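Could you have a look at this structure, given as C-alpha cells, before my questions?
By letter and in written order, the chains are A, B, C and D; residue numbering begins at 1 in each of them.
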Amino acid sequence: MGKTATLLISCPDTKGIVAEITGFIAGNGGNIIHADQHIDFQKKTFFMRIEWELQGFKIPDSEIGRAFSPIAEKFKMDWELHFSDEVKRVAIFVSKHDHCLYELLYRFKAGDFPGGELALVISNHLDHKGLVESFGIPFYHFPITKETKREVEEKEVELLQREEVDLIVLARYMQILSDWFVNQYRNRIINIHHSFLPAFVGAKPYHRAYERGVKIIGATSHYVTEELDQGPIIEQDVVRVSHRDSVEDMIKKGRDLEKLVLARAVKWHLENKILVYDNKTVIFD
Amino acid sequence: MGKTATLLISCPDTKGIVAEITGFIAGNGGNIIHADQHIDFQKKTFFMRIEWELQGFKIPDSEIGRAFSPIAEKFKMDWELHFSDEVKRVAIFVSKHDHCLYELLYRFKAGDFPGGELALVISNHLDHKGLVESFGIPFYHFPITKETKREVEEKEVELLQREEVDLIVLARYMQILSDWFVNQYRNRIINIHHSFLPAFVGAKPYHRAYERGVKIIGATSHYVTEELDQGPIIEQDVVRVSHRDSVEDMIKKGRDLEKLVLARAVKWHLENKILVYDNKTVIFD
Amino acid sequence: MGKTATLLISCPDTKGIVAEITGFIAGNGGNIIHADQHIDFQKKTFFMRIEWELQGFKIPDSEIGRAFSPIAEKFKMDWELHFSDEVKRVAIFVSKHDHCLYELLYRFKAGDFPGGELALVISNHLDHKGLVESFGIPFYHFPITKETKREVEEKEVELLQREEVDLIVLARYMQILSDWFVNQYRNRIINIHHSFLPAFVGAKPYHRAYERGVKIIGATSHYVTEELDQGPIIEQDVVRVSHRDSVEDMIKKGRDLEKLVLARAVKWHLENKILVYDNKTVIFD
Amino acid sequence: MGKTATLLISCPDTKGIVAEITGFIAGNGGNIIHADQHIDFQKKTFFMRIEWELQGFKIPDSEIGRAFSPIAEKFKMDWELHFSDEVKRVAIFVSKHDHCLYELLYRFKAGDFPGGELALVISNHLDHKGLVESFGIPFYHFPITKETKREVEEKEVELLQREEVDLIVLARYMQILSDWFVNQYRNRIINIHHSFLPAFVGAKPYHRAYERGVKIIGATSHYVTEELDQGPIIEQDVVRVSHRDSVEDMIKKGRDLEKLVLARAVKWHLENKILVYDNKTVIFD
C-alpha cells in the first residue's frame, strides 16, 4: 500500500458531516481505505477516523490541511491530519522495574511500532544504562529529589524539545510529573498503572488487591493528567488470581499484563487511532 | 431516536464507494448515525454498514431501494436494506438440552432482542412443551426418524413459511438438517456447536476435549451450511478447564458458554450486523 | 460414588496438621478422595478441605464430629463438618431486575445445585410472583419502607427460621440489610454487585464506569457484611467494553456477567468449597 | 523459607495413600507446606504433589528416596523427588522468530525462573548469535539439512549431555526433531505451537485460522512426542480477533500469546508442578 493520509475528527453532531468529509476526499480523487465513525448521543458529539490513499489525490500533501479548513470550520471540528510516513519520536522514562522497558525496547527493534522511533531513554537511576545502550539508544540519567524536581524537569523538557520528542512513555517511572511538565505534553504522555483503574489508585496496588482479596487483578494504560491516575484510560487487561497467590505472585502475574497493556497503548497512539475527549478515549480499530 | 434505515453492502473494492453512498444519503437529507466500513485487501472486497435517520429523508421508505439501485449496479454490490422497525420472526429448534432454549425464551421475553419476535418452537421431543407454552409460545412436536426425515422436514418448512419465519435458531437441536432444508434458509439458520471450532467438529466434543487434555474449552455459533460444523463462524468464546474437570464438569462449564455465544449471534443477526462472504462473517459493531 | 464427609479447617500453622488429619481419616478406614491444603505464610494460617468416602469408615456419621474434636482442640481449629447428602435450604431475595432470579430458578430446576434446594423467594415487589410460582416455589411479598424496615426484617427472619433457610442469595435485591439482619446470617448471605470491586462501590456502577471511560466492566459476588460492598469476595468476572457501548449496552453486557458470577458463588457455597477468613475467601477447587 | 523437598506421585488409586505419605513426612519431623492431590475417577489413578520443609527432618536428603521406596513399592507408584535448591539446566532451540527467545532470555535474567539456569542456545541459523551472547549465554550454530539431520542431532545430543541439560525449550524452532532425539528427552522437551490445539495442527496455523474465519486465536505449549503437535498439553491461551485482523495482525497478536504461554510452561516445569500421564498433564498449583 502506498502513502496514506488520516484525518481524526471530533465535533458537535449534526447532519451531513460524513458526506461532506467523504465528498472532499473522493471528490479530489482519494481512495478511502478505512473509515470509522462514532456518535456519542449523550454528549451529541461526532467522531471520525478516515484514511485514504494519496496516490492520485489532487491536492499536494502540504496543502491538504488548508484545503480541508473550510469544512473543519463549518462543523467546528477539532481535527488532526497525519501521514503514514510520519515517524513520531518517542522517549521512555523508567526507574528500577525493567519489564516494560525491555518489552518496548524489543518491540521498537522488532519493528512492531512502524509509526515511531525510539529517540532516547531517561531514568532517575543508572541501573538500565547498559541495557538501553546495548540497543543503541541514548540513555540519560536525571537523578531527582524533591528539591531539584523543577530544575531537573526543565532540563528534561529542554532535552525532549531538542530531540523533537512527540510521545513520552512512562514505563513504570516512579516519579510524579509536575503539572507544569504535564501541560506541555497533554495527551502525549502514556503511563502504565499496575491496577484495574479506578480500583487501587496510587501506591502499592498489588498489596492492596491482596489485602482486599480480589479474584482478578489488572493493569491500565492512560494519558497522564494533573490528577494522579485519573487521566483518560487507553487500555486495560486483567488476569485471574486466587488465594494461592501471594503479593509476590500477583506482582509477577501483573508484570505480564503491564507490559502488554502499555505496548498496546503505545502502538495505537503511534497509529493515530486514539481520540481523547471528555477525559475518555475513542479507540478506532 | 426515530426510525432508521440500514444498508449492508459488499462489492469489489474501488475508488469512491464511500463518497457515493454517503452522498446519496446526505444529499437526500438523511442524517448518518452509524457508518462502519471494512476492506479485505487480500480479496479486494469492500464492506459497509451504514445507518441513517429517516426523519427528513426526502425519499419515501418504499422507494429507497429503487433509488439506490443505480449506485448498487455501478459498483456491482450485494446489498440489503433494513428498517429499524422491522421485526424478524424467529423459530427455535430444540431437542433434549434446554439451557439454550431457556436463555432464548428469557431474552425474548426480557426485550433483549428488539429486532425479533419468537414465532414458535419446534422439537423432535415433547420434553419442553410445558416450558415453551408457559412463555405463551406455540410449541410444535415433529418426531423424526431416518425414514421420515424428508417428509418431516417438508412439513417443518411448510409451517415455517406459513408462519413467515425469517430466522431459525438451532438451540442444541440434535438432528442434522438436509441440504434441501439448509438451501432454503441460507445464512438464516444459526447453530451452536459445543466446541471451539475447528477443533472437535462433530459428535461428543467435550469427551474428546477431555481425552485430548486441553486447558481451555469453547463454544461456537455459526450459520449452517451443507457441511457439518463448517459454516461461517459468527461468535466464539472459551473458558479455562484443568485436570480437575471431569467430562461432566466440562459439559456444565460449556453450557454457560453455549447459551451466551448463541444469544450474541442471534442478537447480532436481528440487528443486521452480520455480513457473510467467503464462508466467513464480518460483524459490524 | 457413595456418601462422603468433608472437613473444612483453618487454624494457626504448625507442624503435623496434615498428617494428623489424614491419619484420623485413614486410620478409621476412610478413603480420601479429595484433599486440598493452603498456607497463608503472611498470616501463618493453615487451611484445608478434605473429603473422604464414608463406606467402610469405622465411625458412625453422628460421632465423627465428637471423634475429631480432640484433634481440632489440639491445633485450635475452626472447623466445619459436612456430609454429601446434606441439602442446604436457600432463599432468594429479589427486587425488580429478574435476570439473576431467572438464572437461579433455572439452575435449581436443572439440577445444577445438588447441595441445595430452593425454599422460597422474597421480594419487596410483586412483579415476579407469577414467574416464581410457575416454578412451584413459594413467593413472599414484603414491601419495605424506611419506617417499616426493622419490623419487616423481623418478619423475614421469622419466616427464614421457620423455613430453616441456610443460605440467602441477594439476586439484585435493592434494599440494604440492617446490621441486625446481617449478623444472624454471617457468611451465609451472598450478594451480587454489578461492578468490579473495589471499583464503583455503591449505587449506579455502570453509569460511573461509563463516565470514567473504563475499557472493561465487571461483576462481583461476595458475602454481605455490615459495610456496603466490603464483604469477602467470592468470585469476579469481567467483559470488554469500548467507546461504542452506551450505559445501556454496559448494563446489558453486565447482566450476563452478574448472573454467572452469582451462580458460581452459590454453587461453591452449596458444595462447601468456601472458607472465609480475614474478610477474604479461600475457594477450594 | 528454608530448603524443601517435593514428591510428585502417581499410582493406582486405593485407600490410605495420603495418610501413608503424610505419615512418612510428619513422622520424620517434616513440616508439610504444600499438599495437592487429585484422583482421576475414570482411570482410577491417584496423583499427588507434596512439599515439606527439610529443617528438622530426621532423614538426610540423600537417604529420603531410599527411605520412601517401600511406600512407593507398596502402592506401585511412579514418583519423583526434587529439592528446592536443585537447578535444572535449560537449552533453548530457536530458528528465525525471536520473540519467544527474547522473552525467555529476559526472564532468566530477571530471576523469574529460580529453578533453572540457561545453559546454552542452539540455532539452525546465525541471526540471534549477537543477542544471545549479549546475555552472556553460549550460542551454538547447528545448520541442518535433510541429509545431515541425524548427524547434526547426534552432535546436539552430545553437547546437551556434556552440558548436563535437563530441559529443552523449542522457542519457535522450525525443525521437527527425530523420534530418536525425542525419546532421549521424554517429557523434557517443551514446544510452543502457534494455534489453539487441536485446531490447526502443523504448518501455517494463522493462515488457516484466517481462512476459516475464527473469532479467537490461541497458542499451546506442550511436551514433544513422536507425533507432531500431539504431545501432552501444558498450557493454552487465546485472544480475540475480528474480520479487521489480517493474517499479519493475527501473527502479531499471536506472538504475545506464544511468549507468555511458553514462559508459563517453562516456569511450571522448573517448579516441578507438572505430572504427565496418559498423554495429558496434571498441573499442580
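Operating definition for what follows: contacts are C-beta pairs under 8 Å (C-beta built on N, C-alpha and C of every residue); 3 or more make two chains touch, one makes a residue touch a chain.
What you see is a predicted model; the values in this text were computed from it and never measured.
*Asks:* Between C-D and A-D, flag the pair that has more C-beta pairs in contact.
*Replies:* C-D
*Asks:* What is the Cα-based rotation angle between copies chain B and chain C, on a 0 to 180° scale and rounded to a multiple of 5?
*Replies:* Value: 180 degrees, nearest 5.
*Asks:* Taking the mean of the CA coordinates per chain, how far is chain A from chain D in Å?
*Replies:* Averaging C-alpha atoms per chain gives centres 37 Å apart.
*Asks:* Identify all positions of chain A at which a residue touches two or more other chains, and write them in rising order.
*Replies:* Within chain A, the residues that touch at least two other chains are 41, 242, 244.
*Asks:* Which residues of chain C touch chain D in their complex?
*Replies:* So the residues of chain C touching chain D come out as 1, 14-20, 22-23, 25-27, 29-37, 39, 41.
*Asks:* Once bound in the complex, which stretches of chain D touch chain B?
*Replies:* Touch residues, chain D against chain B: 38, 40-42, 47, 196-200, 212-216, 218, 232-238, 242-244, 246-247, 278-283.
*Asks:* Chain B touches which residues of chain C in the complex?
*Replies:* 98-99, 102, 106, 110, 112, 134, 242, 244, 252, 256, 260, 285
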